[in-house]
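Next up is a structure, given as structure tokens.
Chains here go by letter, A, B, C and D, matching the order in which they are written, and residues are numbered from 1 within each.
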Amino acid sequence: MLDVEQAQLQQGELGFKLGIIYEEVSRSRVVATMPVEGNRQPYGFLHGGAICSLVEELASFGAAMAAAQDGKIVMGLHQSSNFLGTSTSGTVRGVAAPIHVGSTTQLWQVDVTHIESGKLIASGRVTIAVRSPRT
Amino acid sequence: MLDVEQAQLQQGELGFKLGIIYEEVSRSRVVATMPVEGNRQPYGFLHGGAICSLVEELASFGAAMAAAQDGKIVMGLHQSSNFLGTSTSGTVRGVAAPIHVGSTTQLWQVDVTHIESGKLIASGRVTIAVRSPRT
Amino acid sequence: MLDVEQAQLQQGELGFKLGIIYEEVSRSRVVATMPVEGNRQPYGFLHGGAICSLVEELASFGAAMAAAQDGKIVMGLHQSSNFLGTSTSGTVRGVAAPIHVGSTTQLWQVDVTHIESGKLIASGRVTIAVRSPRT
Amino acid sequence: MLDVEQAQLQQGELGFKLGIIYEEVSRSRVVATMPVEGNRQPYGFLHGGAICSLVEELASFGAAMAAAQDGKIVMGLHQSSNFLGTSTSGTVRGVAAPIHVGSTTQLWQVDVTHIESGKLIASGRVTIAVRSPRT
């Protein structure tokens, strides 16, 4: 199981570019923040794609940790995200939790809250396939 | 109706950061490319969130253009994206087309192809609300 | 606010055909059961479409009750449902709860559990538009 | 490969109850009709769950046929359906076509049209897992 510092260190290009900062990494929750500034669309609101990126990042991370316990790897199949609000500044926090952790598929939910206002601005789900690594 | 140069010039922070380059802007299609390099996850594959960002960008752009004809604005409600393949290098192209352009909602589909291999790597749909601008 | 008996009495054709029985109707939860027998696909498992029907029924019912308080009506825009397990017999229970109740859109979640095994077999979400009734 | 008569004969309980009639069965398309009457919600409109049932039925049928060529079976993982219109009478037709037919997953799209008005009233996608049958 990676800890928060390791999660941050092994971060990929996109997560780094978006400014995703890991806060908590455990079997039941993966939590990270992301700034609104720098991730906005042309009208000045947080880009829906940035929200989806945070959802995908945290769900994939959680699923990969869960699958690694059985020597398996994961592959995202589908993301479904509802946009419930938005913001022009501040920081959002994503909290990922597993809904289903099976031997062949996993389903993770990620709720995204705007920290300053306390509002839930999005909620997404990622359907994930669990696979054996190629030898 | 914006042309390709205007679309590129009015691009927001996230689109710029991801390297999205508009290629075609019309009533029936919005097309843009995005590099894989710089948008990858920790294992070196194109990040699913980058794919969702391209989907959201192009669907929103097309929907905004369509709504502007009636003096309306748009708001993304939901994105559903299937990941069908991936890539570690090269460039992807997203092609957005409208499925439904109504007076209160729109639905846009965005197919994402890996240019070098010719493979469809994702297909997403964005459900969009059409609203009157606040006066 | 309708009570359980009224909910059952005003049931539509499809709900009746599927054997949906309302158990609880409140502002925060709408609960109903549905038999597996009679709602199976060719291989003898509960049909995914029957699951989606229960999800749509309960989410729409809850949303309609919430909107009625403001004299509004609702219209389902999108359903996203994950199938996590299945069953060949017995009864399932759907529990609908609101995630977002806004003035123009609502989002409801419906978890479907197989009563006899206690397993969560599906979880769905319905994105709903809130409208003024035509006069 | 089943033909239309065989498809109809092997129909499951739910498909029969909804009045689904197969019209065409081939590698690239599965087509069937469903009556609006008998499948409505309390306000007299075609129930969204009936639409989802038609989507699930046709996508699963097409995927099962495709997987059977390799001796595999299928399992629906997720359905995402957009509701674009509705009807109070007449008949709808669903046309299923494959977007991706892989060795471990498939993605099928089903467009649902109201025959009498010619309008597209819904479009859904089903993400499907391909598995080896248990021996």
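By our rule, a residue touches a chain if its C-beta (ideal position, glycine included) is under 8 Å from a C-beta of that chain, and two chains touch if they have at least 3 such contacts.
Quick caveat, the model's predicted, so the values are computed rather than measured.
Listed here as common contacts of chain B and chain C: A, D. Distance from chain D peaks, on a Cα-centroid basis, for A. One simple way to say how far apart two chains are is to compare their mean CA positions; for chain A and chain D this gives 32 Å. Put simply, the C-alpha centre of chain A and that of chain B have 20 angstrom between them.
Between the CA-based centres of chain B and chain D the separation comes to 28 Å, rounded to the whole angstrom. Touching two or more other chains at once are residues 77-78, 80, 82, 127 of chain B. Here chain C touches chain B in the complex through residues 77-78, 80, 104-105, 127, 129, 131, going by the rule given at the top.
Partner chain A is touched in their complex by these residues of chain B: 10-15, 17-18, 37-44, 47-50, 52-57, 60, 75-83, 126. Residue ranges on chain C touching chain A, taken from their complex, read 80, 82, 84, 99-100, 102, 107, 120, 123, 125, 127.
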